[in-house]
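Shared between the two complexes below is subunit A, which has subunit B as its partner in the first and subunit C in the second.
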Partner chain A sequence: MMRRALLPGLLGALVLAYPLLVAGFPVYQRLGALVLLSAIGASAWNLIGGYAGQVSVGHAVFFGAGAYAALAGYAQFGLPPIAGAPIGAAVAILIAAAIGVPTLRLSGHYFSMATIAVAELVRVLITNWEWVGGAQGLSGPAVPRSLLDLSFTSALPYYYIFLAVLAAILLVTWRIEKSRMGFYLRAIKDSERAARSLGVAAGRCKLVALMLSAGLTALAGALYAIMFGFVDPESGCGILISVKMLIMAALGGAGLLFGPLVGALILVPLEEISNSLLGGRGAGLTFVVYGAIIVVIARFLPSGLLALFTGPTPARRPLDTEPSHAA
Partner chain B sequence: MLLDARQVTMAFGAFKAVDAASVAVNAGEVLGLIGPNGAGKSTLFNCLTGDLYPTSGTVHFEGRDVTHLAPEERARLGIARTFQVPLTFGSMSVLDNVMIGAFLRHRAAAAARASALKIIADVGLGPLAHAPAKSLGTPSRKRLEIARALACEPKVLLLDEAMAGLTPAEIRTAIDLVRQIHGQGITLVIVEHIMEVIVSLADRVVVFHQGREIARGTPDEVTRNELVIEAYLGKRHARTHKRGP
Partner chain C sequence: MSSILLQVIISGLLIGAVYALFSSGLTLIWGMMNVINFAHGDFVMLAMYTAFLVWTVFGGGPAASVPIAAVVLATIGVLSYFLLVRHIMRGPMLAQILGTFGLALLLRYSAFWYFGANFRTLPDTLLGSPFVLGSIRVDAPRLLAGAVGLLVTLLLHLILTRTALGSRMLAVSEDATAAQLMGIRPEHMQAVAWALAAGATGIAGALIATFFYTSPTVGETLAIVAFVTVAFGGFGSVPGALLAGLVIGVIEAVSAFLIGPVYKDVIVYTLFVLVLWMRPQGLMGKA
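Let's turn to the complex of A and B:
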């Protein structure tokens, strides 16, 4: 037991101490915060996309709801951005209910395509909605008015805020995974028809998972807006946001508790390096890189990196023909 | 009457897969549905389980109209089924597969696990409880289908060609299992190709041909019925058969 607890303990201590270990390098503190922020979004996506296998490519809508709610509350009413987070989550949950009822009836790729369509539609609507800044977008408080604005120059406070939120999301996910709901979601992913024959109300389970996932994704959006103090249609509701959540979860292991975090640990540094090497010229290249990653995952790692270590190892041949019967 | 289909018609476009079929299942019996390929028995079966909603006609369960009830709601009422081609939850262990069924009556994971383990042992999959379901061969997958359905604690269990693809020896152990399930007081509806299975298990048989019922009775009666022999073997053989030895 001692040995089994050793590795997780060490990793946990490393995660907690990381910003202090790199105290002299603000760039690395910021990188750590960004990894956690991405992991929050990808973990939220994982509930519906990973566990239930309903691959949404429209989660940018929920992310945008959180980001815009945080900054619209400030821009229109002078509220601290964090006050918009619960409103954004509530809006995201309502949107999820509204789009979930018709789209969750669709299976496989049709669901994915429907979610892309919804997300693009919302992005266009936001671009033309002046109340939320239209194409210009919205900004947060330029100078923090109080601690409540959660506006810091150092990335260190963000790191710990994000860490706490991620821990809470993973705890919720873990509880679901061990419960009837978690079993039902995995069953739906494997065979919805069989699940329904065994009494699983698949439609309702998927809807609940989507709504929960949407609310948590909105939280990720609000935290993004708080840290960056800015959101526009592309950074709040662009398709790349949905795609990143999906790729991070799939790379680390969709439907695995720590899959999205592992994916974020690999992809976020990669993205930061390519951005700093290529500067502004690399904007289009990001899509190429993500496309390549999707191909590699689909071909070589359909269950994600973590599955190489923890997943159930598929047996090479059937274990038996017929169980022996002591008559 | 436990399960009662009245004048069920299932049309796909102009084609009537099932044409005004009426089948009543009494509590405690084993009812066989037989017929050659494409006779409509699987379609009727799917109308009973809610996988299909009939074009016309009704399905009643314990006197309640369930014609348009979803499969999951029928499972809750006590109708369980297996699939002809096993729909195993491939990413899970055998135990987790059965727990999905057990969760219907046991909300807590610990209770569902205990119930599932007992059923796994009952159907003879005990040693494989923690094996990945993907690793099972066909006979064990068919057994797993049955275990999962039993975990729902059904009143009636509908078996869709549960013996298809098994060797004669495997069929005999599977027949023993079905007898054992019937012994627990569960009503059974079995769709089957294999006559040996029907003859040794069913109390009553309904025979379908081209979407219509052509005969009903005890296994003995229907296997001597001229229309049935004709449907299975064709007219010429039916005549030969009649002259007999």
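Let's turn to the complex of A and C:
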């Protein structure tokens, strides 16, 4: 019993002490905070994309709802950005219901394409919506007016805020994983038809998972806006936001509790390193590397890195694909 | 007013024929093996850069760039099939989506890295002066693109429905095991499908490059146009893609004219969501 608790205990202590261990290096504190922030978004995605197997490529919409709500509240009404977070989450949940009700009836590919289209639609609308800053975007408070603005120069407070939020999300995910709902979601992922035939209310389960995932993703967006104090259509709603969540979860292991965190631990430092090594041109090359990593995961490790430790990969389908016509 | 509107509709039909052509590639792959190629828009982008290189390096116009782009893209399509798609299509759905999505990022940002983010355009005068009929003026590149787009889409449809090769491909898409028992190799037919789809996309891209700006991210927009066209026309249906491409071209052109160019994407994306909502199998798809 003692031995089994040893490794998680050590890891937990390391995570808690990390910013103090690198106290002399603000860059590493910031990196730690960024890893946690990305892990929050990817873990939120994991609920619908990983556990329920409904691959959304449009989570940037929910992320953007949170980021924009946080800064629009400040820009228009002088509210502290954190006050916008619940509004952003509510908006994201509403959007999720509006997307989910029609598209979750359809099989996976349709859902993925619909989410891309909705995300692009929202991005174009936001770019032309002056109330939220149009193409210029929105900025947060330049100087913190009170502690409520959560505007710090050091990354240390962000690290612990993000850590607390991530821990809460993982706890919620873990509870779901162990609940009836978790079994339903995995059943739907394996075979929706079989799950339905056994009486699982598949449509409702997927919708609840999507709405929960959307609300939590909006929270990630709000935290991003609070830390960076800026959002524009590309950084709030761009397709790469959605893609990063998806890749982190898939690299670590989609549908596994710690999968997204493992993915973030690998990809965020990689992105930061290649950006700082390659400078301005690095942005392109970073995503070349991203693309290559994704292709390699899809080709050789379809269940993610953690799956290497947790068990055999699922059996491959025979050459005959499933009956193709979805609806 | 009415002659301007007529002109707008004609230019919409011409661009719609090109949409139909590159969407046919996407729909062919989907219908054949239930895989969506998320890198499809980036295939178009590569074809546009191919046309651009043919012009800057050899000074060649569409007569050279269209066949070259077709061959280059068909090669890329076959390579994608053998190196990636053949393996991921047997894996879980997340791996399928990830695989072609990763390919899209890889191609898009390789182009970004190599060519830079600048917009490139081919010279307007490449094909001579606009074509005038009464009060209607049509730019020569658009006329050429529309005509070739229409012809090649029809040709693709004839290959799929009227030749032995087309029948073999259909057999594989209906039941790969049964086709194998009849002496047809599914992998060969699927590779042929990728070659045809990517080759058609190459032709479309080289045509678009004659009147549209080329940039590394142009594929993102075009991919969504292709998704809309395919969803609207019905997955797997080339005639559906043709009809939907023309309709979408006209809707885009008319809404850009009446409401403003910024909102043409909004209209098209909204249409897409509505189609998925009301008629997920599309205009000509099987329910």
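Operating definition for what follows: the second predicted complex is superposed on the first by the 309 of 327 C-alpha atoms of A that agree within 3 Å, B and C clash if a C-alpha of one lies under 4 Å from a C-alpha of the other, contacts with A are read in each partner's own complex, and residues count from 1 in each chain.
The working rule: a contact is a pair of C-beta atoms (placed from the backbone, for glycine too) under 8 Å apart; a residue touches a chain by one contact, two chains touch by 3 or more.
These figures come from a predicted structure and were not determined experimentally.
Touch criterion not met for A:T153: it reaches neither subunit B nor subunit C. Counting residues of subunit A touched by each partner, subunit B versus subunit C, the larger count belongs to C.
When the shared chain is aligned, subunit B comes close enough to touch A:R180, but subunit C does not.
Once the two complexes are laid over each other on the shared chain, residue contacts for A:L198 go to subunit B alone; subunit C is not touched. In the superposition on chain A, contact is made by A:I247 with subunit C only, not with subunit B.
Of the two partner chains placed by the overlay, only subunit C lies in contact with A:Y290; subunit B stays clear of it. After overlaying the two complexes on the shared chain, residue contacts for A:R299 are found with subunit C alone; subunit B is out of touch. Within subunit A, the residues touching subunit B in one complex and subunit C in the other are 314, 317-322, 325.
Subunit A meets subunit B in the complex at residues 178-180, 183-184, 186-187, 189-191, 193-202, 255, 312-315, 317-323, 325. For subunit C in complex with subunit A, the residues that touch the partner chain are 30-31, 33-36, 84, 87-99, 101-110, 112-113, 173, 175-177, 186, 216, 220, 224, 227-228, 231, 235-236, 262-263, 265-266, 269-270, 272-273, 276-277, 280-281, 285-287.
Residues of subunit A that touch subunit C in their complex: 49, 53, 55, 57, 102-103, 105-106, 108-110, 112-114, 116-118, 120-121, 124-125, 128, 239, 243, 246-247, 250, 254, 281, 283-288, 290-299, 302-303, 314, 316-322, 324-327. Subunit B meets subunit A in the complex at residues 49, 51, 70-72, 75-76, 80-81, 83, 87-93, 96, 99-101, 103-104, 107-109, 112, 124-128, 131-132, 134-137, 139-140, 143, 148-149, 151-152, 169-170, 173, 176.
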